[in-house]
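Below is a structure I'd like to ask you about.
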Amino acid sequence: MVLNRIEIKYYKKPKISKSILVSGLPGIGNVGKIAADYLVETLGMEKIIDIFSQYFPPQVFIGDDSVVRLVRNSIYHKKIPRKFDLLVLVGDFQGTTQEGQYELSGAILDIAKELRVNMIYTLGGYSTGKIVEAPRVLGAVTDEDIVEPLKKGGVVFPKGEPGGGIVGSAGVILGLAKEVYSIRGACLMGETSGYFADPKGAREVLRALCRILNIDVDMSEIEERSREIEQITEKMQEDIQNKVQQKEDLGYFG
Amino acid sequence: MVLNRIEIKYYKKPKISKSILVSGLPGIGNVGKIAADYLVETLGMEKIIDIFSQYFPPQVFIGDDSVVRLVRNSIYHKKIPRKFDLLVLVGDFQGTTQEGQYELSGAILDIAKELRVNMIYTLGGYSTGKIVEAPRVLGAVTDEDIVEPLKKGGVVFPKGEPGGGIVGSAGVILGLAKEVYSIRGACLMGETSGYFADPKGAREVLRALCRILNIDVDMSEIEERSREIEQITEKMQEDIQNKVQQKEDLGYFG
Amino acid sequence: MVLNRIEIKYYKKPKISKSILVSGLPGIGNVGKIAADYLVETLGMEKIIDIFSQYFPPQVFIGDDSVVRLVRNSIYHKKIPRKFDLLVLVGDFQGTTQEGQYELSGAILDIAKELRVNMIYTLGGYSTGKIVEAPRVLGAVTDEDIVEPLKKGGVVFPKGEPGGGIVGSAGVILGLAKEVYSIRGACLMGETSGYFADPKGAREVLRALCRILNIDVDMSEIEERSREIEQITEKMQEDIQNKVQQKEDLGYFG
Amino acid sequence: MVLNRIEIKYYKKPKISKSILVSGLPGIGNVGKIAADYLVETLGMEKIIDIFSQYFPPQVFIGDDSVVRLVRNSIYHKKIPRKFDLLVLVGDFQGTTQEGQYELSGAILDIAKELRVNMIYTLGGYSTGKIVEAPRVLGAVTDEDIVEPLKKGGVVFPKGEPGGGIVGSAGVILGLAKEVYSIRGACLMGETSGYFADPKGAREVLRALCRILNIDVDMSEIEERSREIEQITEKMQEDIQNKVQQKEDLGYFG
């Protein structure tokens, strides 16, 4: 055997007649990754595929059991009764090169074709560069008629945002889905400062996704993590304001 | 299916007995891109091919309709009655790597062979590093006998210019056309400062091209845009001169 | 013939029913390389394979006989009577790119499959960033049941170390062995400052390996080199301390 | 047709029973390139092969006739009566990436095999970092028995030089020739400061090569160019010395 540039390892090939793929890889504020990992965990999804590739860093992680874990992307599956089969793509990394971004997206879309995916949601962050009180969820779509159903789910479509388009996996998967694989899809981008891993942006993306897919996900834990982050950032902002105030006070008396 | 390094998507295969390919991709002063885009728009050309590739950035743009648009090159077609079929190559990017430059040029020349192209014009900019009053159009050719007809179109061939040769798509397409694909061609380079997107250089390139191809193109809009740019740069130069004058005046009285 | 990305040159294909592969390529403190080179030399192993590749630098070394030596990895062989066939991978470089790391590891595992390797030990260094008196040997495994036998050989498995996982050949070979090639393995990492080629870390790794494999290796020469290094570093530390003392003394009287 | 990573264009396939390949590509002091270009010109050799590749920069040069010239490597041929067929490899660039260095060297060795090359001389420079009065020619070989005949040609083999081995085409061609293609060869390195294109180092390499191959080459022009360079560097050194002297003089009186 010879190692392929991308190695796909199937653990199970579920019988699927119609499925939806949600993708959340590391990126801005890790919004997409946090949201997708949360889905996998909270819904108790089953891993059906591992993807290894020379487009990921040459690295293993070591678990608490001292067992090595080669970096990867993975696809999890859960049948949502009377609705559809849900597939969620998560991973340690996006492809680290331009070529890797395209080839990995192609491999994922090959799998999507095989697992009869007819709609893809890529999740990501949209960097605002400052702390966001109430993060919006911005949308982009492969076909104009997808805009309305997303709006009903609370997604907004402000003109000219995001200005630079979407860079990386969340964009390329969608672009190739439309142009080469004839699969429809949308990108949901949660606003985030972009300065740290942001569960708040992820929570908003998840809320929108659940409304759109009409599925129930227990949000209690991500709510908790969002509140923690909120407290930390509020504290930080107070500290900053206090310092500004002190300076002003000093200035007044100075 | 497996994603190719370069994905060619044909929308239509026109019956062509003899065609001419004009290429204008982003580059110095965006001269080639502006000229080629203008041709496509003004002649109302029809898109027949999209080219997607891992040699372009992993990126989608988002339109005003919120629909994603994977970055690409495209070929447009229009039959010029009793003359030839015109093909114009435009795009968002050139290949971003050395390998990409060669492979994409090869793919474009494969298409050119298939669409019976017997002459290629690559359009580009020639950076002068300063504002140019009356930009010249410099030429380079695959075969010496092409020089004369181009000269009649107003193209100049000063010895030793451009000194460093032609780097990027405008050069490689021509070089491979000559050496590997046996297609003749020429490069038309409009002088430009190189500091901003320059419709004036593009206008000159277009004028020369229209004379050479003996085709009519409504130039009114690009004339307008050139005048605007001229006014802006004249204003800038006046401002600079005023400041210099002021300094000199101050110096005189100081 | 056409040059492959990886050229495997077999000098001999020994009849093997069960073998163990030890890999020691250049890396942190060159711990793995020193240990593996020492094994090859001291056991008088026979070279059976050379690996050349475009993933190594484009370079030849020149021997004292003025003969060029293209950079390479090599596999040496020795039958350990009544135990197993020992294979040791050594080399001038690891693959210099991410793609090279994966492809070379794949090629090595292809060979391992062919030579009936059922256990792989990758040797490496673990950088502590400071001089280590008594370097520990840290372990990581492909399967949890390998931990106990390694512990008996003196290998330690502290939780959370190494924090960043294992980067490079020692990690990727193991990760791919587990996920793609179904070969079991472990990584032995000798603690080292990481500031220079460190025979002391290598000696500890070798000691552990010999205990685990239950083989005898004459350690006298590496002991000698370790003592030399110890004396040099002790001398350096004394010098530093003297200087600190001098400064303090001066400070006292100053 | 699809463009290959390396495109070989044969203009003529001479009947050859035994040939010698001399390679001189750009590198340190351009010593190898100057020497090989000189051979081609002075012997009036005939071009039989062009090599184009995506491992060269995406660039065309423009000749005085305004004709583009895609960057390339080329092989020239001349039958040396009653001796052998001489092949000389020259070019604009070496491969610009590690992969390119290996693949291009492989392609050149494929050609060498086909043209029955049984001995390769790669020419290069050896950087001394200072002006060299009488440049030596250093040698390295694929097989020890080649040392003696080269010594008779005036090549020297000082132990430990060049210390870092040979990097780039001159080394890789030789290394692959020995290990993968079973062709014998040697590298001749002319000493050079490395600061500018150096005909003097090239002249010494050529002299040695002619003695070794027992061929006559009119050296008058390269002698002339070497003398010019010598005068320029002598003048530069005098200027420097004068300045040093002036400073010293000033120092004395100051």
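For clarity, chains are labelled A, B, C and D in written order, and residue numbers in each chain start from 1.
Heads up, the rule we're going with is that a residue touches a chain if its C-beta (ideal position, glycine included) is under 8 Å from a C-beta of that chain, and two chains touch if they have at least 3 such contacts.
These are the chains along with the protein names UniProt gives them: A, B, C, D = Proteasome assembly chaperone family protein.
For clarity, every value in this text was computed on a predicted model and none was experimentally measured.
Ranking every chain by how far its Cα centroid lies from the centroid of subunit D, the top place goes to A. Its C-alpha atoms superposed on subunit D, subunit B is turned by 90 degrees; the angle is given in steps of 5. Distance from the subunit C centre to the subunit D centre is 38 Å, each centre being the mean of its Cα atoms. Taking the mean of the C-alpha atoms as each chain's centre, subunit A and subunit D sit 54 Å apart.
Contact between chains, using the touch rule, shows up for A-B, A-C, B-D, C-D.
Contact residues on subunit B toward subunit D in their complex (touch as defined above): 95, 98-99, 101-103, 105-107, 109-110, 113, 139-144, 147, 157, 159-160, 162, 164-169, 171-172, 174-176, 178-181, 187.
Only residues 1-3, 5, 7, 9, 50, 52-62, 64-72, 96-97 of subunit C touch subunit D when the two sit together in their complex.
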